[in-house]
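Submitted below is the structure of interest, expressed as structure tokens.
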Amino acid sequence: MNEKIELIKDGKRLDGRRFDEIRDISMKVGVLKKASGSAYIEWGKNKVLAGVYGPRELHPKFLQNPTRALLRCTYNLAPFSVDDRKKPGPDRRSVEISKVTAEALESVVMVERYPNTVIDVFMEVLQADAGTRCVGLTAASLALADAGIPMKDLVSACAAGKVDGEIVVDLMKEEDNYGECDLPLAVIPRKNEVVLLQMDGKLTREEFDKTYRLALNGAMKVYEMQKETLKARIEHIMGEDNGY
Amino acid sequence: MDIESYLKKDYITNLLREDRRIDGRKFDDYRKIEIIGNYIDEKACGSSLANLGDTKVLVGISMDVGEPYPDKPMDGIMITSAELRPLASPRFESGPPDEESIEIARVVDRGIRESGAIETEKLLIGENKVWVVFIDIHILDHCGNLIDAAGIAAISALLNTRMPKYEDGKIIRGEWAGKLPISCIPIPCTVAKIADKILIDPNIDEEYAMDTRLTIATTDTINAMQKGGKGMLTEKEIFDAVDLSFRKGNDIRRLIE
Amino acid sequence: MNEKIELIKDGKRLDGRRFDEIRDISMKVGVLKKASGSAYIEWGKNKVLAGVYGPRELHPKFLQNPTRALLRCTYNLAPFSVDDRKKPGPDRRSVEISKVTAEALESVVMVERYPNTVIDVFMEVLQADAGTRCVGLTAASLALADAGIPMKDLVSACAAGKVDGEIVVDLMKEEDNYGECDLPLAVIPRKNEVVLLQMDGKLTREEFDKTYRLALNGAMKVYEMQKETLKARIEHIMGEDNGY
Amino acid sequence: MDIESYLKKDYITNLLREDRRIDGRKFDDYRKIEIIGNYIDEKACGSSLANLGDTKVLVGISMDVGEPYPDKPMDGIMITSAELRPLASPRFESGPPDEESIEIARVVDRGIRESGAIETEKLLIGENKVWVVFIDIHILDHCGNLIDAAGIAAISALLNTRMPKYEDGKIIRGEWAGKLPISCIPIPCTVAKIADKILIDPNIDEEYAMDTRLTIATTDTINAMQKGGKGMLTEKEIFDAVDLSFRKGNDIRRLIE
Amino acid sequence: MNEKIELIKDGKRLDGRRFDEIRDISMKVGVLKKASGSAYIEWGKNKVLAGVYGPRELHPKFLQNPTRALLRCTYNLAPFSVDDRKKPGPDRRSVEISKVTAEALESVVMVERYPNTVIDVFMEVLQADAGTRCVGLTAASLALADAGIPMKDLVSACAAGKVDGEIVVDLMKEEDNYGECDLPLAVIPRKNEVVLLQMDGKLTREEFDKTYRLALNGAMKVYEMQKETLKARIEHIMGEDNGY
Amino acid sequence: MDIESYLKKDYITNLLREDRRIDGRKFDDYRKIEIIGNYIDEKACGSSLANLGDTKVLVGISMDVGEPYPDKPMDGIMITSAELRPLASPRFESGPPDEESIEIARVVDRGIRESGAIETEKLLIGENKVWVVFIDIHILDHCGNLIDAAGIAAISALLNTRMPKYEDGKIIRGEWAGKLPISCIPIPCTVAKIADKILIDPNIDEEYAMDTRLTIATTDTINAMQKGGKGMLTEKEIFDAVDLSFRKGNDIRRLIE
């Protein structure tokens, strides 16, 4: 906040978006050979790859739970994904994101079907430009679907926040760095229930209301794209089958 | 989770269906809050022991001189760490911070940082030299709701923190030069969701039984939020929790001042 | 030893104590809810908390001993317990103190009664002002008693040393920093046997004799206070029982 | 190794005795090589994604300013690291680099370093200040022959690397000042020995079946060699491999340029 | 390569050696009491000690292989073995050398005779002066023989390289630092098969041929010394037996 | 402890009741002490290999330039480390120092440091620049009484340590400028208590059988003491051990000089 940057000009944002407009998003599933399921999302300048392994046996044995699978998430920033090289290995931020992501996914994955096992979800941020936890969670939920792991619904995520006094959806890097607030949100769209909610900054009670709704709207748009992506994938596979 | 825990969970859930809590509190009651300031009176720059019922969290503040972050060359630095000391719970083990302690430290940190409670712009010493404020959260007895206890102890400790004397490029340990400038008092407030009820300040038995929790740190605005745990929250539950956290935040702020 | 500090003046020490006078000590037991046993000691400016868990099952299994319990001690300095913040985590000094403390306590705890288990003793130094290993060991032995773990006797500890050429008991920080020798000692009081003995500095054969005796006397005074503390605790609990 | 792997190993070995490979390739054929330059277009200084059949390796180049090594005070520094990301294989786990990733990084490093591909003598900034080039190898899908895929991605990434702008003792992130000076294109080529046959670019099934492997990185000279795996090599096998690696190195170099 | 050093003068090397001349080598086996087998080699200024334990039970159990022994090698540079003190603990170079050494030894040790066990080979470089991986591997193979572990043959190693444009055998420190290429090689002498081969630097196809042959010749000389050493050891032990 | 160790312990204890040691030594006899100075003649600044019977400990001294401790700005620094190399005993494993190696390093360090053996006040180079003396204890064969072997090797190594040449702010490796100034020769002496007997220099079998041990490092004064192991010591045993350690310290000092 030392250098002042004008983030809103003539009612438009730095990249020309309206306040309630999310960035361009493209999604793909089934992008990796080895992983049981995988997904790749480009979301603005973010590039995130997710891969899933499991359900598979959990070692060491004392960690096994006879009533359910352990769902384990690992969020990782590649060294070259940010302007200043990130030292490899988990830092405190990654550990926290991995935790809240796992908790969000546990609400939809039917872990009780796979006792004593582990389902591993890996999110690789290859290029980062704000909002990566939402991108990662969205990709992870696609990769789980791609792996054929039974879920009650998808998880869809989007952030909103406050920038130059305005409430806007889906902050990009400059808005995140110089803005006043960021609020990432993830929902189970069909039940409209919240599975991830974090926030830091400054919001009045009324601003919170507005920010929450913008994030929710963003997540719902993401949900539509997720469904499209999975539908296209199924049609693609079915098409291949017909080829035989 | 062992059999005893399952039974207790059942018991707590059933009670709540009758709108009763295991320790007789109302849904919006905190356990008894006791704050002992300046607990580490001789060595720490600031300190406070917070008891939330049987939960005991000690926070000590240390100050050192360091380099500012390149993107904020005129501002002091705050660093928050939490240690779940192994005497606080049979579940804790010695070792580097795990995800539980990292979450506590980061949520407490966000409440303080985002509210601007520490006036970091007053912590510049000279070119490329600023004060570094270490907030060390020491969990001593884990009987539930560590985040609130840690947050209350942290801001209380900051309020009694003295600035070490600094002369000729050196800190003079044991001598002081005024107080750490603090502008406001952020208070984290945690609500738990159990059996579709929203209640405040869960004790350790309630934590085992809870579906999810939501922590909201407030001053006159919301400064930090953190959902934790596997369950889901409805919109109404979230908005109710926000209102509750403003109200309880004010109550606790009065206790501290 | 670069700055000269006069530690003895007119036959008195910096804080006014006589050579054979220990610092003010207050002890409490049963101060923690979760721990099986606990104790808290303020000793001069030192503040030390001890907690005990166990006997409990030991993992991994290959560490188990079918003839006895493992007694494991962890001595820890809080970051804010010293003038210059201590980085969290064990350093070499803490590891050594943990080792000699465990060895001292093994002499009195009836470990052979609990095969295959572990008894964990944690000592948290919340404020440090010289002599913390003696305070920690004294508190640990109280916490073990509070946990109801069978012991042959308590362990009582005190240091003595040499300061400005004089042999004195129970060194405080300045005396430890600028003095010529420190000798911490722990005994099983009833048998008058030594279970911890360390020393560094410079002592002639005759000075050692004198230092040893002063430390022993100190430990014996500590022993009386430990017994008082446990007696008061029992009376308190008995009183509570009568209340029913 | 499980039963399935044993059977596959058997199958591969028997096929090879009839001079056939499991995926139908000739002994001196690479799988399809696809190189996507500037994959991390916004944040990295350089980058390239290399696909070797189904094997996927992403290399990103970061640049920072640091101190030179005392024995080469006028030269820039290169540092190569490799991470076998756990999504790339069921065998990989999170954690610090193991011997497999260390070997990949060091063999790729030697090929680039010893050929003088990076003109480090042009990376001096000022007294005791040089550019540090970080080559980060990110393994994304492990379907065999990681060293070659990593080596190809690394030199491709270096070829598209931009130098950050440097002004008043600071890096200006997002602005650029020319390209990283590269003098030649070292290519590692790995041959596997299975059932006394020498073949190139082993896929993952062939890696399970192989006795040993030999990697040779070439420009117009040999710059690095590394035998890996438990088996033995005859003189003839080694010399044949050297000839093969010069030939295939030229083919791949043409792809990259 | 900043300071130019003349490494070849009048057709001789810095230490007076011819191009095809290896450094002075002395070998001993059975030098340690505790280890199952041990060897000590002085090779030029290098001093390397090797020790072997096993075959012994392998923990944790899931690492055990029911068809063979695990052969585990650890190469370690002592802090004082090099000019600038080396920080204790494995670095990336040590990890790589440990790996290729283990792979080289696996070719000769009859690991299939000892299922579920581990054979540990430790190489301690006490003084380092280029070529330590060859010295370590040579010593390790002697220590394995000394431990009585069945092997098809010994492993013998030597390096060659290019220095001031000349191909020379067994580079010393200055030649390694300022030379153009280093190629360490290890063979099973009786079958003339290669079990370790690394190289870094610059060699044409023709130079490689020459370098390879010089290294091979060096390894063969080392093999003769290894056999001498073991023969002397056996005679020594037999002599001792006769003494009974 | 396995059956064999139990039986050996029994055997040793029974022998001692008849005042006999397992290897025939008298209670106040050391095993054969052999000291080979300058073992690492080319690379280390100083070194010494000490054999105590079959126990083998190598100590190497390295010197570097660093910053002094803030509370002693005019004094050089000494840093003592010990590594129980895994070839020295079937019990040792690779990894960071455990409590056993930390204890050895710290007891040896205290004997040297507290006696003032290294004249650290002569190791000042210039403002905020002093010599750092690294004492690295390398345990090569563990046949009992590592502390004494390490302490003897350490002081012997210091006595033959050369100071590297220092010119224009740089160390000239391989050239020397006089000897490290050493003022006295501290010797640690370890007594073991087994079956209520006090004996000196326990071998490895006696260590398994012993109740406790006491190490005393002496010059003309006592400089360091360390009780180790689980058992107890009477006053008389301690005072006897002190007398013994002065006497044996003198004997060993004569060997070294």
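As written, the chain order gives the labels A, B, C, D, E and F, with residue 1 at the start of each chain.
By definition in this document, a contact is a pair of C-beta atoms (placed from the backbone, for glycine too) under 8 Å apart; a residue touches a chain by one contact, two chains touch by 3 or more.
Everything numeric in this text was worked out from a predicted model, so none of it was measured.
Hopping across touching chains, the smallest step count from subunit A to subunit F is 3. Between subunit B and subunit E, the least number of touch steps comes to 3.
By residue number, over half of the contacts seen at C-F repeat in one listed pair from A-B, E-F or A-D, namely A-B.
The chain with its Cα centroid farthest from the Cα centroid of subunit E is B.
Subunit D and subunit E have Cα centroids lying 27 Å from one another.
With each centre defined as the average position of its C-alpha atoms, the distance from subunit C to subunit E rounds to 51 Å.
Those residues of subunit D in touch with two or more other chains are numbered 97. In terms of inter-chain touching, the protein chains here make up one closed cycle, each touching precisely two others.
The touching chains form a single ring; listed from subunit A in the subunit D direction they are A, D, E, F, C, B. Interface residues of subunit D, counted against subunit E in their complex, comprise 71-75, 97, 99, 102-103, 105-106, 110, 113-115, 212, 214, 220-235, 238-239, 242-243, 246. The touching residues of subunit D, counted against subunit A in their complex, run 39-45, 47, 54, 56, 58, 60-62, 64, 81, 83, 85-90, 94, 96-97, 134, 136, 138, 140-143, 173-174. Contacts from subunit E toward subunit F in the complex involve residues 32-35, 38, 45, 47, 49-51, 53, 56, 74, 76, 78-85, 88-90, 120, 122, 124, 126-129.
The touching residues of subunit A, counted against subunit B in their complex, run 1-2, 92-93, 95-96, 98-100, 103, 106-107, 183, 188, 191-205, 208-209, 212.
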